[in-house]
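Right, I'll just put the structure down here and ask away after.
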Amino acid sequence: MAPVLSPGRVLAAPDLQVRRMLVRLTPARAAARRLASARFEARRAMLPQGATVRGALRRMTRFSGALVCAAALTAGSARVLAQSLKAPAPPLATPSGETAGDLRAWLVRIRDAAVRSNYVGTIVNSTGTSVVSSRVGHYFDGRSTMERIDALDGEPRSMLRINDEVRTLWPRYRVAVIEPADPRAAFPALVSGNEKHIPELYELHVQPAQRIAGHDADRLLLKARDDSRFDHVIWADHATGLLLRVDVQLAGRTLESSGFSDVNIGVKPDAAAIYSELHRADGFRIVKPAIEHTRLDAEGWTMQAALLPAGFMALDCVRRALDLPGDAAGQANVLQAIWSDGITHVSLFIEPFQPQRHRSEGLTVIGATHTLTRRVNDMWLTAVGDVPPAALDLFMRALEHKT
Amino acid sequence: MSQPDSDRSSSDSSRRILSALADGDATDSEAARAFQAWRDDPDARAAWHGYQLIGDVLRSEDLASAPRADEAFLVALRARLADEPVVLAPQPRAEPAVVLAPAVANGAATTRSRARWQGPMAMAAGFLVVVGGLNVLRPFGHGPDASVAAAGGASAPLMASATAVNNGAMVPVGQQTPAQTKAAADQLAPYLAAHRQSAMNAPFQMPGNDLRNVNLVQPAQ
Amino acid sequence: MTMLNPDPDAALVERVKQGDVRAFEMLVVKYQRRIERLIGRMVRDVDLVADIAQETFIRAYRALPQFRAESAFYTWLYRIAVNTAKKALVDMKRDPVTTLTALQGSDDDDETYRPGMEPTDGETPEALLASKEIAATVNAAIAALSEDLRQAITLREIEGLSYEEISDVMNCPIGTVRSRIFRAREAIAERLRPLLDTREGNRW
């Protein structure tokens, strides 16, 4: 019997309605419904209303000028360096051409915006076979920088940065790892010396503007001038200069892409979002990996400058502990030397060769990141960077033991 | 519409899996086959549409809609999705099929900067692996646990998937078993973590790179 | 469908996140009708409804990486649809047609959605004879099913129970639940075939 349907009204077929009623009356059905409701309520109660980043950020408290939790800061260094900062300034103007001067001006604008902006957003990183995202908040009040990054995929963890200290919280392990932050990130006055060389290494092409994450963005192609680095496409918010997306490319093909899928620029600085998360780590085990600054030559090594890829300047050299593979809770002591061409970084790890551990020599590629391992005499070298493997090879060849 | 028995049974099994997937009851390997069927088999796509339409109509008859309208919608959306700036899946990498020259002892002089690549045959020893990513699962001091588990389901040997990622443009030099690859990944994880941490907040990088946790997964096939 | 059980869309969403754009199409096919109906209550212009629905799915695709499995995919998609429609109306400087005030009540924390309980006012123009025929055919097919099959598919599609819950209610193994639902769908699809077949080569 075909039911009559009149337009504009939901009318279930009579027999279907009857079926629905009969279904409802079954005692087992009622029990299942009760069970289902109970599960729903239990699940709803379990939803972390306050602990998610979104929950915390939604409950933004007014920013308090007095940053109370001094215990969380390395107070001395923060105070000293904070005094060198200027108050927040309006973003620098956008350059108009493609000269070296324009490229430097773009980079200054972008770097400045990165330090000074207050924003909250979601960043997505793709390598072509996987997608990872993080929720990011960055706050700057003219004196202090605070940052919070929550991993949205994989093992739950949050990174909290206050000026020059970074804490990475691992809630399921109840561990807080404390490390120093790159001081350049917090203090724009400390300009890395090789930024002025960037135009010699990359050629600027201004490309048509696009919209990224709801913002009008200027788009720049930094085309590598040699084979020792990749092309970088950079999208920067037109209004503020904030970096919105970066693609690392080789011959026009994208190796890796990182960008905001949504971002709110110009939010009120929210100290509570950082401190509330810090307090969550009360009772966590504190881990401070040993990192000791040193110099390559003090460790008995030197780099033959003629062999190094162009434009890479030494950034830092540290002796640090790395986790050993497997379930062994031990560390290996390695020397890590870091270079930068102003846009990208390369690390070279040097340690004594150990046959049980050091078995695989070769190249591993993850997105834009290449890792080269090699035994040289009685040492084991590991070079890592978002650069072509040729460049990593050059770093390895340039390394020389001082006699 | 008569099909040979073998066709009928394989399309039948696709339909069964799609029915289960529609209710969230497919196992990982079944789901993988369902996604494959969606790509390859128009009948499978029609079946999925049919099941979804039936469910909609059972719940509310004003959701009944002409399939042609539904189909037109999807076709138009596909075109728009193709135009989308890539956020989810960048174009497949065409990494140059190059491999390093054999390792040279320290101090051997070579010309600067423009290192010329030798062909794959020049690789004396070593491997070349492309992975989706590396999953650093544990905090410092707890030992690295670089997981090479695929996101559920049976995993083919990683080398095979590496070439699949690159559409055959890469030539793996030296074969590795998955266990060897896992050992190599375990070895690398702390170096990657240390590198990213020292490059943290680099001015022209998106924030969060140091926290990046990229899964070592099978590429979508 | 209330958020009682693991989201049945979880496997699909995960697959899309792994880079399989085609898998997103499966979600589109599943929700396109509901989304268009939802938008159709806010916007009268039929072409605009389809455009806004397209825009909704594009926005969902872009935002998918930030979708967390704390809510059902459809709940999240629903909100995107509402926001997209509101924005379109504002952009076009049109007065909202009907139920905008009714929808203003839905706040960010509302995670429940029960289809079939919203008011339906006004047939969307494209629900012509073909759609009436389809509805009638489905009803007739349901009525013709055996009790077991009908109960299984009704519990699944109308009551939103999981396979596990259905196996409790019907006192049979989960494998049997799966099989009964499949056979019910096939039986209905068989009746629908003349209405759904276009015979114009590969569709979809």
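Labels for the chains are A, B and C, by order of writing; each one numbers its residues from 1.
Heads up, the rule we're going with is that a contact is a pair of C-beta atoms (placed from the backbone, for glycine too) under 8 Å apart; a residue touches a chain by one contact, two chains touch by 3 or more.
Everything quoted here is computed from the prediction, not taken from an experiment.
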| item | value |
| --- | --- |
| Chain whose mean Cα position lies farthest from chain C | A |
| Top chain pair, ranked by number of contacting C-beta pairs | A-B |
| Whole-Å separation of chain centres (CA-atom averages), chain A against chain B | 21 |
| Inter-centroid spacing, chain C versus chain A (mean Cα positions, whole Å) | 36 |
| Centre distance in Å when chain B and chain C are each reduced to the mean of their C-alpha atoms | 28 |
| Multi-chain contact residues (two or more partners), chain A | 5, 10, 16, 124, 126, 128-131, 261 |
| Interface hub residues of chain C, defined as touching at least two other chains | 5, 17-19, 62, 65, 116, 120, 123, 127, 132, 135, 139, 142, 154, 158 |
| Contacts with two or more other chains, residues of chain B listed in rising order | 58, 60-62, 87-89, 217, 219-220 |
| Contact footprint of chain B on chain C as seen in their complex | 5-12, 14-26, 28-30, 32-34, 36-37, 50, 53-54, 57-58, 61-62, 64-65, 115-116, 120, 123-124, 126-128, 130-132, 134-135, 138-139, 142, 153-154, 156-158, 162-163, 174, 178, 181-182, 185-186, 188-189, 192, 195-196, 198, 202-204 |
| Residues of chain B defined as touching chain A within the complex | 58, 60-62, 85-96, 98-101, 103-110, 112-115, 117, 125-146, 165, 173-174, 176, 180, 183-192, 194-195, 197-215, 217-220 |
| Complex contacts: residues of chain A adjacent to chain C | 1-3, 5, 7-10, 13, 15-16, 19-20, 23, 26, 28-29, 32-33, 35-37, 39-40, 43-44, 47, 52, 122, 124, 126, 128-131, 133, 135, 152, 261-262 |
| Touch list for chain B against partner chain C, complex | 15-16, 19-26, 28, 31, 35, 38-39, 42, 45-71, 73-74, 76-78, 80-81, 84, 87-89, 151, 217, 219-220 |
| Complex contact set, residues of chain C against chain A | 2-5, 17-19, 62-63, 65-66, 68, 70, 111, 116, 120-123, 127, 132, 135-136, 139-140, 142-143, 150-151, 154-155, 158-159, 161, 165, 168-169, 171 |
